[in-house]
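I've put the structures underneath this note.
Here chain A shows up in two complexes: once beside chain B, once beside chain C.
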Partner chain A sequence: MKYSWWKILGVLLLLYVFTFGFLVPLKPGIIAVSPVSIEANHVSNISITGYNSNYQSQESSLQVWLKIDSTSGYQATSLRVNGERQLTATFDIGALPDTTEALLLVVNAEDGTAIRPRAVKINSAEHQPASVPSKLSALPSKTFQTKAGFYFPYRSILDETIRNTFFHVALWMAMFVLLLIGLYHSIQYLRTKRIEYDIKASSYSYAAILYGLLGLATGSVWARYTWGTWWTPDVKLNMAAITMLIYAAYAVLRAGIDDIDKRSQLSAIYNIFAFAAMIPLLFVIPRLTDSLHPGNGGNPALGGEDLDNTLRMVFYPAIIGLFLLGRWIATLNIRIETLRIHKLQSDL
Partner chain B sequence: MSAFITNIIHLFSQQLKLEWKSPFIIGGNLLYVIGAVFITYKIFNEISAPVWVCVYWLIFLFTALNSTIHSFSREQSDSILFYYSFTNPVVLYLSKVTFNFFFLMLSAGLLFFFMWLFLQNPIVDDGLFLTAMVLSGLGFSIQFTFVSAIAVHTKQSNTMTSILGLPLIIPILMTAVKLSLISSEVIIDDGSDIDIMILSAIDMIMFGIAVILFPSLWRS
Partner chain C sequence: MIQKTLYILLIIMTPVLLMAHESADFLRSTGKIYSVVLAVVLIFLGIVFYLVRLDRKISRLEKEMLD
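This part shows the complex of A and B:
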């Protein structure tokens, strides 16, 4: 019990991650808008499908806006609510100088603000008399309000798959920590030549390979939902795949040498060499190349709008929990390998 | 320091003499290059610039693998003992890398010549292409020499060199292919200096790590 507190901690953290990660609902959002293109100088009906929304029960405080620029937009002149998830808004669009992709806002007292960026394209009229008024009105100062309570943010395209952040991203973080520990033990082996460091290094690296494969699998499922394909030519995916190949080669190398001392020595050297080769793969090239992943173009993905505080409350425990689980897997492997070495020695 | 360099040059010329005594290795590699180019020519007849670049780098990659795979495995056990007792491992590694690098550059030049002869030459920016070739040839020789030194201790050292080396070489290869595509104006990109920087940085990191690790590898 004294030595296994971290196993219990890891399991508890993962239980927390699984329960909260899957059970906490998303904030209200807008799934679908139709039509997506309307004409300026016309009165148009737009039907809106909400997600986790309360249109019917909050009809009295319901407001729908098409936001044109930072201060002004069109408010729906009339609303017809067909249930909690469905409403039709009528807009009286005036003259617009340019074709605009307007942001759609649905506000009510209970749900706060649901946003859909570039929801409706307003085509400017071709022959526009100068006298037609724009009919724009100023947005109320309290347009953006968030729903009270503990909810994960709603992002269009991601929808419910935003929960995969706790598994896909956290798996990569945990994998990297495990690889670092493996690297440390490899260096220790080269310094001391003690067999237990070799066992530790290989066990942590194997656990990291497992996590990498799981990271690829969860990412592939996520890509299928958001980008529409299981695999894309995106730079991060391919770099991750190469990393897996490098560490698979590490496993093959270990399997290819019978002599234990030689195996320890060579695999420790290859591990350090592979880790150095991996750094440009995972940390330099993706930063310099365009990627479909969030946060591309120079900055890491952690922070900003994509990871708000409610997500963080599950995401950080997920990293720690997965790391502790990986350590557990590694220690089991260490014990098996140590017993195997002992058996070899007693057989001799 | 001068003794260090003299030693490298000495071992380098030693290596050269050794190759000269068994010319079938160099000849075999050259034949490999010519044969591969001729097969490509017979398969494609005409070839577009992106395919030219891809074929060029594929042949280059496998020529590099073929020629460096034997860096250590061809040594007789008594010459290994000689190296072991009389030379600094870093000197040995550097001489091998230098030799492999020059040999690779020779192969690359011949490859380019034959590709030009049979399949035209889509390269517009010669300087950029040459830079990519030199930097990646350096990276190839650094990594493959190191990896073949690891693999020589295993049972199937030739297979093991490919298994260990190919994944490690992919970043260098991809950057080099991108640079060649830029130099043949298949992709228009003015950010080629960043790729050159990546390539040199990978070379330097690999070189540093290899030089640090090679002594402990050699002693085993």
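This part shows the complex of A and C:
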């Protein structure tokens, strides 16, 4: 075994990713609400299930709000707390001109603000007497507070799977880097016609294909337990699948040609075209339309709500760690293929 | 022989992992953390699969060299 600093660095980084990626807790959130639809002009009870929350110990500072617009909402008139993660809030909803999907806020001194978007649908009464008051009150100015300390963000539906950022997402990012290195060596092959560039290009591309297939598999598992299906015809998913098919064809092309020079030449050219096809498929088209995929639809890139600074502290090391692991895998293949070429040459 | 066994293990393990827990909705419990664990297991299996391939390549090369 060849000891190299980057192999050790890669393993250490991945060790850090596994430890912190799994051990840092999520911020408090709201995992379930029932019922999800109530009537305006009625008094309704809503039962709320929290996640990583401290309802019981923070009962004195607990506030529950249904936010209607940017400045106003309904505050729960009474709260019944059943343990740290369970509470029932009673709302006295007044007249509402339109049916509204209200945002649910649970605030307390320890947890800060837990948010569930579109948590409760408030149906407006059909024949509303004009005399009924709206009963709306202004939201307090300090409604949104974040919990102090180091926590990953809590996102509705994502829940703990936000940690997949370090594995599923980082895998794709590492794949791009590996493909880029493969592309560089393909270009170098066409310039110099030296066989070692062909070996390097194919080895890096194969490692990238492995990462891409794993990216599809981990994404599929994630989709099964969040969207409820292994695959959906979402633009992001389908474009990723097409990209993998294009690169699968690269592997088939290489396997199908026996003549070494012809194989190197053709696969180098194909690799350049495949890379050129990958850019619009993975970076452009998913941004042009709406997508279910977190972080997509519009152009949020690596930002906004889905990736905050606490996630970045694990996400970026995960990309570097997985890339170095991929490089390790690729160099093993390079060494094997180089030996084989040497043997072929000495046999002649 | 060992490689064949590994292949078979790889092929059967994934669906078994999925089936075993699906009915109990185990993977959705505790904020779906086990679906992340499953993703990590898949990555691990994928890398092992590639290692097995490399291992076979080396074995073939060794055999050719010694002949």
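By our rule, the second predicted complex is superposed on the first by the 337 of 348 C-alpha atoms of A that agree within 3 Å, B and C clash if a C-alpha of one lies under 4 Å from a C-alpha of the other, contacts with A are read in each partner's own complex, and residues count from 1 in each chain.
Here, a residue touches a chain if its C-beta (ideal position, glycine included) is under 8 Å from a C-beta of that chain, and two chains touch if they have at least 3 such contacts.
Treat the numbers as computed from the prediction; the structure is a model and nothing was measured.
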Which superposed partner A:124 touches (first chain B, second chain C, both, neither): neither
Chain B versus chain C as contact partner of A:242, first or second or both or neither: first
First, second, both or neither for A:225, with chain B first and chain C second: second
Which superposed partner A:256 touches (first chain B, second chain C, both, neither): first
Partner chain in contact with A:49 - chain B first, chain C second, else both or neither: neither
First, second, both or neither for A:190, with chain B first and chain C second: first
First, second, both or neither for A:266, with chain B first and chain C second: first
First (chain B), second (chain C), both or neither touched by A:333: second
Complex contacts: residues of chain A adjacent to chain B: 190, 239, 242, 245-246, 248-249, 252-253, 256-258, 261-262, 265-266, 269-270, 272-274, 276-277, 279-281, 284-285, 288
Complex contact set, residues of chain C against chain A: 27-28, 30-33, 35-36, 38-40, 42-43, 46-47, 50, 54, 57-58, 61, 64-65
Touch list for chain B against partner chain A, complex: 143, 146, 150, 153-156, 160, 163-164, 166-168, 170-171, 175, 194, 198, 201-202, 205-206, 209-210, 213, 216-217, 220
Chain A residues within the chain C interface of the complex: 18, 22, 26, 31, 51, 159-161, 163-164, 167-168, 171, 207, 210, 213-214, 217-218, 221-222, 224-226, 325, 329, 332-333, 336, 339-340, 343
